[in-house]
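Pasting the structures here.
Below are two complexes that have subunit A in common, paired first with subunit B and then with subunit C.
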Partner chain A sequence: MIQIKNLTKKYGSTVALDRLDLEIHPGEIIGLFGPNGAGKTTLIKSIFGFVNYQGSITLDGEPITRKNIARMSFGTCEHSFFPGINANDHAEFYRDHFQSFDERRFAVLMDFFDLPRNKKIKHMSTGQQNQFEVIMALSQGSDYIFLDEPFAGNDIFNREDFYKVLLGMLGPDETLLLSTHLIEEVSGLVSRAVLLDKGKIIGDKQIAELDSENAGLIDYIKDAYSYKADRVFQALEQLSPEGE
Partner chain B sequence: MKRHIKRFFFYPPGESVVAMFGILFVTALIFIVILGDNIREAIWLIPHDRIKPFSDILNGRLAGFWVYAAACLAIVVRNYRSFAAQSRSNYVMKRTKSGFEIHRMCLTVPVIGLIAGLLLTYLVALGYQEEYTRIFSSFPIPAEYYDFNFWRALI
Partner chain C sequence: MKKIISTIEVFAGLTIKRMFVVLGSMAALELILFWIFGLSRQVYTFENAVIRSFIPVVFCAAYLAMYWALAWFSGRNSTYRYTLQRLTLSERSATAVQTVYYALCFLLFLLTQVVLTVLMAKLFEGGKYFSEGAQGIFIDMRYNTYFLYNLVPLWTGVQRVKSLLCIILAAIAAAHMNVSVRRGYTPVISFILAAAAAMLWAMPIVPHMDPELVIPLFIFVILIPAGTLYMTYSRANKGSNVEDIPWD
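Take a look at the complex of A and B:
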């Protein structure tokens, strides 16, 4: 279990994460939602120790260090592959550096996305690069997989099929935390929704709970963010000649 | 051999070890060997009635080595930057078991190059000492004139 206690991160005077508490349990598929600047990426980067923070983050009670960090993988829209080498060389690198690299999953996903094995990643299209980024995060053989806006720029057909493959592929103890704006698309995939706003968790709900309440994920999110349904109407009204 | 080097990644993935050594070789050739040739000139131009100690002739004439050393340093910087250029592959490196891995990749080639350059500079200076000895051994000069102070060549 990943346990986050009292996590605070400041960039100068801006508070990106504000005394945040969160537990991530094995086997969960978590959707991390929030508007731009809510702190989603900062939260993930803090878990990996890519940024300095105040508070405590532990993995099964231990601080996250070189000893256990390989139990987590990270796919990001910033990309973290090696642009100058091809997919086969990536597999070789991961084989050498990550003991539990999942060769089979790598091969299946490469075929699923129909990605070239001998092309340098920097020569692939942005969509293919996104797919490759996700493949490496899923194939590292980690217990906790973090994906931060992984499909920005990918077409909907690829994404929908991929979610299906992902659901069938993840083991019972594998944990996925998916940070995305594509709420509707992932609503059938996630088992828990965590909502962030201005560095704070403003909602945390199991999808099963929502189902039992006959509530949808989108409505839950709109409610949590106090979404004003009439704001479009108001804006248009102000723009109309009568509104002047 | 290429497979072997690749497997252990003595340099950042995607970077060319051939290009790195190429840069170092050309820099070494220009600043150590060719510019170092002015020592030979200095030896040959000494009037035989005013022979100088060898250390005085060396006097910073191989300081071009520092340009070579700067080229090594530039490769180190380039290597580290490669993990944050175009993508953040340093995120992957931070997940590898050994914290030294990224340093091994960034430092191995330039450090080998630096040591090889230093050795080359030493050999160049030593070669000229041989020449000095050969030319002036028949002259009645004090023994300390032959002293070999390598650092005098560099600073």
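Take a look at the complex of A and C:
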């Protein structure tokens, strides 16, 4: 289990994360939602120690060090692959650095996305680069997989098929935290929704609970963010000649 | 060990093609210029043939190109430092590996120039204006020009130390540049260090230099790189809460 306690991150005077507490349990598929600037990416970067923070983050009770960091993998829309080498060389690198690198999963996903193995990643299209980023995160063989806006630039058909493959592929103890704006698309995939706003968790709910309440994920999110349904109408009204 | 080799392979994969383009271009350009200005005109000493063929200029330009080719890969469209930061090998260790790789690359660069110079000497020996004899070529390389003298790294102990120091300085400069670029800093000190390496290379340490200057110069070229090295490894670990453990 990843346990985050009292996590605070400031960029100068801006508070990106504000005394945040969160537990991530094995086997969960968590959707991390929130508007731009809510702190989603900073939260993930803090877990990996990419940024300095205050508070504590532990993995099975131990601080995250080089001894256990390989139990977590990361795929990001910023990309973290080496652009000047090809997919096969990446696989070799991962094999050397991550003992549990899943060769079979790598091969299946490369075929699924029909990605070239001998082409430098920088010569792939943005969509293919996103796919490759996700492939490496999923193939590392980690217990906790963090994906930060991984599908930006990918078409809907690829995304929908991929969600299906993902659901069938993940083992019972594999944990996925997916930060995305594509709420509707992932609503059938996630088992828990965590909502962030201004560095704080404003909602945390199991999808099973929502189902039992006959509530949809979108409605839950709109409710949590106090979505004003009439704001479109008001804006249009102000723009109309009568509104002047 | 496997992790270290694998990390070197990644850095090599990112840069080796560019490095060989630089080395190949340097070789081609030097030989063409030597053919035009050194062999086809009335030049009677090897020293003059080399200078008139702009070989030192090409060498200097190739050094700068080499420095750029090795270090200036920011990872456009990728923040690959996230991968380096979550290896069981720390980013600092990865940067140390990278520095060693760069040193090997600069050693190869120097050896390429040595081979080219020997080749040019052979060509000059077979040329129609050759008159100074093999001993003349030897004297040109041994005494007459710093450029040629510096390319014979096996003459004296001090010269060997100087060549090694130049390689280390260039490698540290390149590593500092790469770390700075991937961390979003301006690599100012890297440029200074790269220039210092070039100047040190061109300087007549032995036998023409005032011996009193040798010690301050060596301190200078040790202090600056040491500071740069410290800055490089601090930057390589900046923004990381991940505790370091030794290589396994």
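Couple of notes before you dig in:
The criterion applied here is as follows: the second predicted complex is superposed on the first by the 244 of 244 C-alpha atoms of A that agree within 3 Å, B and C clash if a C-alpha of one lies under 4 Å from a C-alpha of the other, contacts with A are read in each partner's own complex, and residues count from 1 in each chain.
The definition used in the following text is that a contact is a pair of C-beta atoms (placed from the backbone, for glycine too) under 8 Å apart; a residue touches a chain by one contact, two chains touch by 3 or more.
Keep in mind that this is a model prediction, so the values were computed, not measured.
The superposition on subunit A brings subunit B into a clash with subunit C.
Legend: residue contacts after superposition of the two complexes on their common chain; A:G84 is shown touching both subunit B and subunit C. In the superposition on chain A, contact of A:Y53 is made with subunit C only, not with subunit B. Look at A:I64: by the touch rule set out above, it reaches subunit C but stays clear of subunit B.
Look at A:D204: by the touch rule set out above, it reaches neither subunit B nor subunit C.
On subunit A, the patch touched by subunit B and the patch touched by subunit C overlap at residues 48-50, 66-67, 69-70, 72-74, 76, 78-85, 89, 92-93, 96-97, 122. By the touch rule above, subunit A contacts subunit B in their complex via residues 48-50, 66-67, 69-70, 72-74, 76, 78-85, 89, 92-93, 96-98, 120, 122, 136, 140. Partner subunit A is touched in their complex by these residues of subunit B: 6-7, 9, 12-15, 82, 85-92, 94-99, 101. Those residues of subunit C whose C-beta lies close enough to touch subunit A in the complex are 2-3, 5-6, 9-10, 13-15, 73, 75-83, 85-90, 239-245.
On the side of subunit A, the complex with subunit C involves touching residues 46, 48-53, 63-67, 69-70, 72-74, 76, 78-85, 89, 92-93, 96-97, 121-122, 126, 129.
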